[in-house]
Amino acid sequence: MNLAELARLLGATLDGDPEFVPARLASLGAARPSDLAFVMPKRAFTTAAGALIVATEHPSDPDRHLLRVGDVYAAYARVSAYFDSAPRRAPGVHPSAVVDPSATIGSGAYIGPGAVIEAGVTVGEGCVIESQCVVGADSSLGARSHLMARVTLYHGVRIGADCRVHSGAVIGADGFGFAPSADGWQKIHQIGGVVIGDDCEIGANSCIDRGALDDTRIGHGVKIDDQVMIAHNCVIGDRTAIAACVGMAGSTQLGADCTVGGAAGFAGHIAVCDKVHIGAMTLVAGDIDVPGAYAGGVQGARPMRAWKKNVARFNQLDALARRLIALEKRDNGTKE
Amino acid sequence: MNLAELARLLGATLDGDPEFVPARLASLGAARPSDLAFVMPKRAFTTAAGALIVATEHPSDPDRHLLRVGDVYAAYARVSAYFDSAPRRAPGVHPSAVVDPSATIGSGAYIGPGAVIEAGVTVGEGCVIESQCVVGADSSLGARSHLMARVTLYHGVRIGADCRVHSGAVIGADGFGFAPSADGWQKIHQIGGVVIGDDCEIGANSCIDRGALDDTRIGHGVKIDDQVMIAHNCVIGDRTAIAACVGMAGSTQLGADCTVGGAAGFAGHIAVCDKVHIGAMTLVAGDIDVPGAYAGGVQGARPMRAWKKNVARFNQLDALARRLIALEKRDNGTKE
Amino acid sequence: MNLAELARLLGATLDGDPEFVPARLASLGAARPSDLAFVMPKRAFTTAAGALIVATEHPSDPDRHLLRVGDVYAAYARVSAYFDSAPRRAPGVHPSAVVDPSATIGSGAYIGPGAVIEAGVTVGEGCVIESQCVVGADSSLGARSHLMARVTLYHGVRIGADCRVHSGAVIGADGFGFAPSADGWQKIHQIGGVVIGDDCEIGANSCIDRGALDDTRIGHGVKIDDQVMIAHNCVIGDRTAIAACVGMAGSTQLGADCTVGGAAGFAGHIAVCDKVHIGAMTLVAGDIDVPGAYAGGVQGARPMRAWKKNVARFNQLDALARRLIALEKRDNGTKE
């Protein structure tokens, strides 16, 4: 793709050679004269890049070809697809795949080596199911969805169109449900499913458990990073983005257009409204019904000695507070 | 199964039509007139369910068939098995499985597509080993244990009877053991194994590492949720239940009949007695020898601004406490 | 191996029978008279072991064969390799493996059942690729590296020599990069790779994401435990060791010779210098440029009631501090 074509794709104004074909899309630091890079507005930079995506108001630069756009970051996102070297899969079923005759495989779909497609599965048009995925009975994938290598879908999992699920993700495993009994824990069979909307991404080694009775439900356009754990019967609204290592206990309801920082937790059986932004490593222990930014816990690493003293005081905190209140009372008495 | 049969199974008193056959077991909200649901005692509800599992004292209801039981939740757990649509596997070894001739496969066992059973393995009667599991050399599974798709057992892992291990779980990987040396970290080969009792459940993508010298040991009836990490030489007592995302550092000893909340951590080389209940996201840093409920950390999400102020104060906490103490002294001086 | 040979291997002084052949390497508690165990200096112990690795100054013991060494723990690490019962793999490619004809497989390498080696891959001499690993297009492994069962490398991942990657690890999955747009999140294709040095170990179910543009980079001799998540464009220095369940957000730079405690987190876009030691469950939220030990959060489990009171006070902490300051002012006023 030359710069003229990229300019057309991005709706960009080209200030440079339309015939220039960038060899790579690269970071400012790593770019060579043959490469394309991008510069966020008002950011100082040095680069050897031969071509740049820049903001409309960027000063002209005789040494470089410039693509001027309104939203640099969005333009970068858009062009990134054209520089992606991930292998493309030709349609077809690898001979080592094990596909149940009752499964429906859409036209243009790819089923990779060792993949297992069980009875009653529906794989949509143009889906890519990479090596060694297991798609359990009666599960379905909408058009163009892409399972990277070694994804497991249990039975009865419904995934929408244009989704991407990364390696090691497990969708539809049993929720953690047991009833106490005189003989120990009695298993509650998890007979709900999992329903995931369109245009979702689910990270490597993440888990989304099936519902106990009702389905676990993930909306449209939801983005989930690696090693996220979503327990049975959680409900997640559209376009919510969840960073890595987050855990959501059972029946958490999380609204639309939320963001969740890494390793945050949700206590379960709580409801968080739309447009809530949770800080990293926060434990959300109750409902949130006002949009906005929230955080919890004690962030920040301190030198070990100082930190130990503060933690020791934390464990005296209620007593210290009471002593402060007592002192205030005495002080008030003195004053009167 | 009709209600008469369900009543017999549960030891329930039937107040309704014995011939009624519930189409599904469903939540109160999702149930249709053809379905069975359950109502916890003294809980207000509305439902379209045609049949209900209720507590003995539940008022009679002319519009519904009632199954009266002493323990509603246990009854629900019990019937859930009969409404589970998970595929049943017929005994046999799939032609694409790779089974070492020296392995012993019990009668009635199922070995799924692509599964690998290495030398010297013993698979008990009626076991189900789903697609693409890898069972390492000399490992063993007791009767009726069930590995879901894509479970890895390393060599020398012994799992009891009636266990269920979910996809992506890894049992018997090397413990994290290295000796410092002038050339960097020198590996300590992990030559212990893992021993897991009967009737355990291990969640998706959880890890239980093999011991350094002695075995890592999990008791009977232990329930472990997804993405739990149990390091080398941990010992876990019978019937303990561990929620998702918990991490236990090496040589943690955790008693019987404990419960651990999500994302809690154990510092390693500590002992926690029986009947201890640990809150979510708590870091257990020392021994606990008195049964009861414990928690740590700072839970709860607060509006970001307020939280930041409190965190800033936390980092002054020892100094603030000293100032309080100084003030108390001066106040005492004033008083005297 | 008899004690004479072990003494030669370790540079140890033998005080006992050179012909004694230890049956097992065992812990002090589990050792039998036929076994070898080790005793850390100045540690009290009882054992039935017939042979011991001890410090040079250890008193002689007529009942046992002693191997005296300068560094007991290092000697234990060294001999542990000789007692490891992990299966050895004979060179060759299992007939069920799917190896692209354009891949280069080094001499002496083993490719296990069901493994998938894509186009353009280079597998070094003596590598072991266990069952069902997937090695994506154009990835490479240096000599003698060992992928345990069910490891996924995406395309364009370069791993050095003498590395060991445990089951379920996923290396090279997409970093979590999306640009906000009017239509929701727009994917930023992750076109960087992952580069890992020599002599690294990566734990079970850990994830190392590929870079957005530049590579994610792990140095030499880095040891990473299970369930660690390293996001796109992190850079980790040589010999750094990271305990289980740690999460590092994007573009974290972590120096050489660091150690990180379990379940700690890094906020991303921060730099931590060499020789920094981070406590368990700490959230490192900013740069650290002085070597030493750091911690954060509030560790330690307390009885639930006491803890709840302290947490309640934490949420009043800024207000309490202000009240303390006010009281100090009034007190100073009184004094003057």
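Chains: A, B and C, in written order; residue numbering restarts at 1 for each.
By definition in this document, contacts are C-beta pairs under 8 Å (C-beta built on N, C-alpha and C of every residue); 3 or more make two chains touch, one makes a residue touch a chain.
Every value quoted in this text rests on a predicted model; they were computed, and no experiment measured them.
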Query: Do subunit B and subunit C face each other with the same patch, meaning over half of the contact numbers show up on both, or with different patches?
result: different
Query: Can you tell me the C-alpha superposition angle of subunit A onto subunit C, nearest 5°?
result: 120
Statement: Cα centroid separation, subunit B vs subunit C, in Å, comes to 25
- prompt: Tell me, which residues of subunit A touch at least two other chains?
  reply: 96, 114, 132, 150, 168, 205, 227, 245, 263, 297-300, 302, 314, 316-317, 320, 324, 327, 331, 334
Task: Please give the residue numbers of subunit B that touch subunit A in the complex, ascending.
output: 25-27, 29-30, 71, 73-74, 76-78, 80-81, 83-87, 94, 96, 112-114, 130-132, 148-150, 164, 166-168, 199, 201, 203-205, 220-221, 223, 225-227, 238-239, 241, 243-245, 262-263, 280-281, 297-304, 307-308, 311, 314-318, 320-321, 324, 327-328, 331, 334-335
Field: Complex contacts: residues of subunit A adjacent to subunit B
entry: 96, 98, 114, 116, 118-119, 132, 134, 136-138, 150, 152, 154-156, 168, 170, 173-174, 176-181, 184-191, 205, 207, 209, 212-214, 227, 229, 231, 245, 247, 249, 263, 265, 267-268, 278-279, 282-286, 288, 292-300, 302, 306, 309-310, 312-314, 316-317, 320, 323-324, 327, 330-331, 334
